[in-house]
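Here chain A shows up in two complexes: once beside chain B, once beside chain C.
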Partner chain A sequence: MGPAVLSVAVFLYGPLIASVALSLLDWNLLSSEVRFVGLANYGAVLDSVDFRLSAWNTLLYCATLIPAQIILPLILAVMIHALRRSPAQGFYRGCLFLPTIVAYSVAGVAWSWLLNPVSGLFNELLDHFGLPRSRWHTDPNLALLCVSLVTFWKTFGLNMLLWLAALSSLPQELREASQLDGASPRRHFFTISLPLMAPTAFFISVTTLFHVLDDIVGVIDVLTHGGPAGRSSSLLYYLWQQGLQFFQFGTASAVAVIIIAVVLAATWLQFRVVEKRVHYG
Partner chain B sequence: MACTSRRTLIAGATAAAGVAAIGAIPAFSADARIEVSSTWGADKPFQKVVDAFNAKKLGVTVTNRFDGDYESATAKAVASTAAGRPPAMMTTGWKFGYFAKRTLGARDLREIDAGKADAILANFRPSLLPLVTIDGAVIGLPWAMSTPITYINSKLWQEAGLDPNLPEMPDTKWLYENARKLDAALKGKHPTYRSALALSNNEWTSQSFIQNAGGFIIDPDGKLALNSPEASAGMAEYCAPAHEGLWLPVSAKDQDAAFESGALAICTTSSTRAATFPFGGAKAITARFPGLAGHPRKMNSGGNFLAIYARSKEQAEASLAFLEFCASKEGQTIWSEVGYLNTSIHDVPADQQFHEACGRAACGRLDSGNHLAGQARPRRPGSLAQMGFPDAAQGSDCGRGHEGRASRAGSPGFCVSRCGPCLLACGCWSHICSWGQPFFLSRFSSTAR
Partner chain C sequence: MNARSFRLSSFRLSSFRLSPHRLVIHAALLATSVATVFPLVWMVSSAFTPNDLITAKAIRLWPEDPTLSNFATAASRYPIWMWLWNSILTATLITVGKLVLAVPAGFAFGRMEFPGRQVLFWFVIATMSFPAVLAIIPTYIAVVKLQAFDTYGAMIIPSIPYIGFYVFYMRQAFRSLPGTMFEAARIDGAGLWRQFTEIGIPNGVPAIAALSVISFMGAWNIYLWGQLVLEDRFKKTLTTGIAAFADLEGTDRAWGPLMATSLLSVVPVLVTFLLAQRFIVETLAPASQDK
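Entry: the complex of A and B
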C-alpha cells in the first residue's frame, strides 16, 4: 500500500493541489515575487475569446468523437468476430489496431502529406476524378473535422479490441440457444449480446471521454497547431499553449482546474445515470 | 641469472600499462563539463562547432542537447531552472530576450569575466550588440540571424515565360502580378505545379508586411498598434493572394515540401533555406522579400543568441571558454554552414559547394535556355546589406560586392549597394516587438527563425 499511496499522492493529488494553488497566484515558478490574485486568473480565462472558442471546439470534438469511438469500433469488432474461425481475423485485427501504436508525430507527418492542400494525395485524387480541390485542415470550416478524422483513425483500435474481447467472452451456449429459438442475428445482438456487454460498454463510455480529451491534443499539435485562427483548438491544447508556449502558469492552472471540474462532473453524471443500468453478473 | 616470477611479471606489466595510460592523457584533461540546450540536433553544424571545440581539449567538454524549438527549449529551461539545475548555456530565440534575462536569469557575460567578455564581443558587429544587451547586461552572443527572402522555382518561372530579370527591389505588386501569370500559364497544364505563391503563414512575414506598410506591432510608445490603418493595410496586402486563390496557407513544413517538390512556384521564407533550396528539385533562385510599392522597406530578422545560465563560477567560466571559440574565426567558419547570416566581423569564406551551387542556381538557371547570360544579376541570399547592417551597407562597393565580408555567401559580382531603411540600420528595434508574445516585450523586432 505504501508505494501506491505515495505515488498517487505525489503524481496525482500533489499536482492537482499545486494546480489549484497556482491558479490563484501570479507567479512564473522562478521568481521570488509571488502575488496572490484570487480568482483573477479564472476571470481572465473565462473572458478570453480563445478559451471560449476552445471550449466550444472541445464540445464539438466530444459530440463527434465519443459516439464514433464507441459505435464504429463496435461494428468493426462484430465484423471481425464473425470471422473468428478464419485465419483472416488476426490479419484484420492487426491492421485495424496498427494506427493505435503509431506515434503521433509519425501519424501527423503521414496525414499532413495526405492532406497537404498544395501537393497532398487527397487533392491529387480529387483532381483525378475532376472534383474541386479542398484546403482540408487549413480550411477553418474543415479543420475540426480533419482533426476528428485523424484522431479517430489513431485511437479507435483500443475500443475495438475491448469490444472484441467482450464479444469473445460471451457464452457460446446462449448463441446456440437463440439460434434454436429462431432469433435473427440482429435480434440476438441487440437483446442478448449487447446487454451482456453492458459492463464493457460502460467502461468504454467512461474512458472514451478521457481519451478524446487527451488524444486530440497530439493530433492538433502535429496537424493544425490549433489553427486556423483557433478553429481546431481544444481546452487541453489551450492549456498547453498558455503554460508551455506562453509561460502563463496562473492562467494555465486555472484552465486545468476548470477541465478537472468538468471531467469530474461528467464522470459523476455517467456513473449516476448509466451505471444503474449495467448488470455485472 | 635473475629470475622473474609470474606475479612480478604481471605487476610490472600492469605498472607499465598504467604509466603508458597516464602518458596518453592530454595535458588539459576535460575537467569541466557543460551542456548546451540547443535547437539543433547532432546532424547540424552547431554539433560540428561543439565537436571542434572539444577536440581542442581545453579542459572543458561541451555537450549539445537538442531540446526542440525555441518554445520547447525555453519550457525545459524553465523546468530545470525551477528545479535548481538550469542549463549551462542555451540558444535562446531573440523573442525571449527579456524573458531570458528577467525570468530565466541569463548571466551578464561581463559579470563573469569582463576582460574575456569584451574580447569575445569584439568579434561581432557592434551594431548587433544592443540586441543582446538587456537591462544594461550583455546576455549572450548574437549567434544566429536570418531574414525572410523570396525563393523562386527557376524552372517553373522559365516555363511560364516570365521575365528573367528580377527587380532589385521587388514589391508585392510585381510579385502578385507574376504569381497570376504563373497560375494562368501553368495551372492544370503542368505535371507538378499546383500553387503560385506562399508567403509563409506565420507572424514573421506578416510582421514584415505591417512594417513595410509603415505600421507597428507595438508602436514607439509601447502600445499595441495592430488596429492602425497602416497595420491593417499591411495585413490586407499580406492576405490578398490568399483571397485571390494564389496562396494556400499551409504549415512551414508543408510549404517547404510543396516548394521542393515543384508544386509551389514562389515562397518567401527564412534566408537559412538558401542552404538547401537552390540544390533541391526547385533549383531556387532568390530575390529580396517583397516590399510595398511606395513605402520604404523595413525588414525584420530572426534567429537566436547564445546565452549563459550556469550559476556556478566554474560552469560559467567554462561556458565563456566555449563562447570564445564560438566567436573565433574557426568557430564562425564551421557555423557558417547552417545558412545564417554572418554576424561576426570575420571574413568567413563561403562553403565552396554552397558557393558554387548557389551561384549556379542564382544565375545559371535563369540564364540557361533562351535567356541572355548576365541579364539576371546573381542574387545571393542573406546579404547583410540586404538586411541593412550599417557597416555592411557602408562598406558596399558596387561591382565588387561583399565578398566574404558582408555576406558569408558573398560571390564575386554580386552587388548590393542599396538597402532600404531597416531595423538594424536605423537602430529602431527597441520599439518593435515580437507578434504574439505580448507579455514578453522583446526589444528585437522579430520572432525567432
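Entry: the complex of A and C
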C-alpha cells in the first residue's frame, strides 16, 4: 500500500500542486529566466479571446454531451436488457461497446476518412442523393458538432455497460410484483427501477463530467486541432496547446488551476444535490 | 381480472417467442449496432482496397481487388512493426506496474486495520476523477529536466499511477473473500505477507485478470502522453505513430496505408476484448453500484 500511496502522491498530487506554483511564474522551458508574476497569468488568461472561446465551447460540449452520454446509453441498456435470454443480446452489446476500445487516434483517423471533404464517404453519399457537399469538421459551424459526435461514438459504450449492469442486478421479483399490481412497464421503470439505480446514476453523472472533459482533448487533437480558428477547441485543449505547443507554462498552469477549481465546484455541487435527495427527498 | 392474466401470459410468452414489441427492439438495436460499427468496418474495407481505387471512388462496401499492398506500403514508409512491438512492450509494462502497486494496496485497504486507512483510501480513490491532462505539464517538465525525454521510461512510468479504480476494485475483491479464511491462516501463524501471497492472491485471480485486461486495453490506447514524450519515429507506439502518419501527410494522405496501420492497432485490443467481454462486463458492474 505504501508504494501505491506514494506514487499517487508523487505523480498525481505533485503535479497538481506544481501547477499552482507554475501558474504564478513567467517561465518557458527554453529560457532559464524565471520571474514571479503573481496573478498576472490569470489576468492574461481571462482576458484572452481564445480562452473565452474555448470556455464557451467547453460549456457547449458539456451541455450536449453530458445529457447525451447519460440518457442515450440508458435507453440502449433498457432495450438490450429487455432482450435478455436472446442470443442476439451479446452481439448488440459487443457492437455498441466496440468503439470504446479503439484509440483516439484511430477513432479520429477513421472519422476523418469518412468526413473527408474531398473524397470522404459522407460527401459522396450527399453527391449521390444530389445534395450539396458539406465541409464537415473543417466548417467552423459544424466542427464542434463533429467533435461531439465522434466523442459520443467513442465513449457511450462504457456508460451503457454500467447501466446494463445496474439493470440486471435489479431483483426480478419486483417486476413480477408490480405486474401483479397492474403497473405498466413504463410506470414500473420510472417509479421502481430508476430510483433503485440511483447509486449507478450518481456514479455515472459524476464520472461522465470528467470523462467528457478528458475525452474531447484526444478527439480534438486528431480531428480538428481545435480549429477552424479555435471553433472546436475546449479548455483542456487550450491548456494543452498553451503548455505543450507554445510552451507557455505559466498561462497553461493558470488554465489548469481554473479547471481544477471548476471541476471541484461541480463535483461538490453534485454531491450536495444527491445528499439533499437522500436525506430530505 | 382478465386483463391481469392476459398480461401475465403474454409476459411469459414474450420470453420465448418474438412478439411485435421485441421485434421493434431488435430492429432498433440492430440499426444502432450497424451504425456504430460502420466506421470501423469502413476502415477494414479501406485497408484492403488498393490505394488508387480508394480516392477515385469512396462508395463501396467490399474491397474490390482485395490486397495487402497497403500494409506493405505503410511498412516501407514507417516502421510500423517497430510501433507494434513498442505498443506491446509499453502496454505490458504499464499493466504490470499498475498491478504491482494496486493489488497490495487493495489488500491493505481491504484486509488490514491501521490508523488513517480511510483518509489514505480516499486520497487514492479521489485520483479516479483527475483529468489526465491536468498533470501533464509539470510531469512533462520533470521528464525533460531528468533528461528522460524520448525514452520508454518517460512513456511508461508516469502512466502507471492512475490506479484509483484498480485499488478500489481490488479492495472490493479482497473484502468479499470470507474473513474466516484469513482468520484460520492467522491462527496457523501466517504473517500478513503470507496471508497476502498464499490466500489473497490465489483467490483474487479473477479480479486481477479482469483488471489486467482493462489496463492493457487502456495502456495500448494511450495517446496524448505518448504523443508528447515519444518523438523518435522508432520509439513511437501504434496509436501515436498513426497520429504522426496522419499529420505528416496533411489532407491528401495515403488513406489506404493509414487505414491498414489503424487496423493493425485495433486487432490486438479487439481480440483481447472479444476473449474477455464477459469478464469486463462483470468487473464494471459491481464497481459502479458500490459508490
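One rule holds for everything that comes next: the second predicted complex is superposed on the first by the 270 of 281 C-alpha atoms of A that agree within 3 Å, B and C clash if a C-alpha of one lies under 4 Å from a C-alpha of the other, contacts with A are read in each partner's own complex, and residues count from 1 in each chain.
The rule we apply is simple: a residue touches a chain if its C-beta (ideal position, glycine included) is under 8 Å from a C-beta of that chain, and two chains touch if they have at least 3 such contacts.
As the structure is a computational prediction, the values presented were derived from the model and not from experiment.
A.B. asks: So, on chain A, is it clash or fit between chain B and chain C?
C.D. replies: Verdict on chain A: clash between chain B and chain C.
A.B. asks: Considering only the touch criterion stated at the top, classify A:R135 as touching first (chain B), second (chain C), both, or neither.
C.D. replies: first
A.B. asks: Just to be sure I read the superposition right, which of the two partners does A:L244 touch: chain B = first, chain C = second, or both, or neither?
C.D. replies: Both chain B and chain C are touched by A:L244.
A.B. asks: Check whether A:V118 is in contact with chain B, with chain C, with both or with neither, and answer first, second, both or neither.
C.D. replies: both
A.B. asks: What's your read, chain B or chain C touching more residues of chain A?
C.D. replies: Of chain B and chain C, more residues of chain A lie in contact with C.
A.B. asks: Quick check for you: in the superposed arrangement, does A:V5 touch first (chain B), second (chain C), both or neither?
C.D. replies: second
A.B. asks: Determine, under the contact definition given at the top, whether A:A261 touches first (chain B), second (chain C), both, or neither.
C.D. replies: Touch partners of A:A261: none, neither chain B nor chain C.
A.B. asks: Let me test your reading of the model: by the given contact rule, A:A166 touches which partner, first (chain B), second (chain C), both or neither?
C.D. replies: Second partner only.
A.B. asks: Classify the contacts of A:P228 with the two partner chains as first (chain B alone), second (chain C alone), both, or neither.
C.D. replies: In the superposition, A:P228 contacts chain B only.
A.B. asks: In the superposed arrangement, does A:V206 touch chain B (first), chain C (second), both or neither?
C.D. replies: second
A.B. asks: Where on chain A do the contacts with chain B and the contacts with chain C coincide?
C.D. replies: 29, 112-113, 116, 118-119, 123, 244
A.B. asks: Residues of chain C touching chain A in their complex?
C.D. replies: 3-4, 7-8, 11, 15, 22, 25-26, 28-30, 32-34, 36-37, 39-40, 42-43, 46, 54-55, 57-59, 100-102, 104-105, 107-109, 112, 120, 123-124, 127-141, 144, 157-158, 160-164, 167, 217, 220-221, 223-224, 227-228, 238-240, 242-243, 246, 251-252, 255, 258-259, 262, 265-266, 269-270, 273-274, 277, 280-281, 284-286, 288-291
A.B. asks: Can you check the complex and tell me which residues of chain A touch chain C?
C.D. replies: Its residues touching chain C are 1, 3-5, 7-16, 18-19, 22, 29, 76, 79-80, 82-83, 85-86, 88, 90-99, 101-114, 116, 118-121, 123-125, 128, 153, 158, 161-162, 164-166, 168-169, 179-180, 182, 199-200, 202-204, 206-207, 210, 213-214, 217-218, 221-222, 236, 239-240, 243-244, 249, 252-253, 256, 259-260, 263, 267.
A.B. asks: Inside the complex, what are the residues of chain A that reach chain B?
C.D. replies: 28-31, 112-113, 116-119, 123, 135, 138, 225, 228, 244-248
A.B. asks: Of all residues in chain B, which touch chain A in the complex?
C.D. replies: Chain B residues touching chain A: 71-72, 74-75, 78, 81-82, 99, 103-105, 194-195, 198, 248-251, 253-255, 257-258, 261, 263-264, 437, 439.
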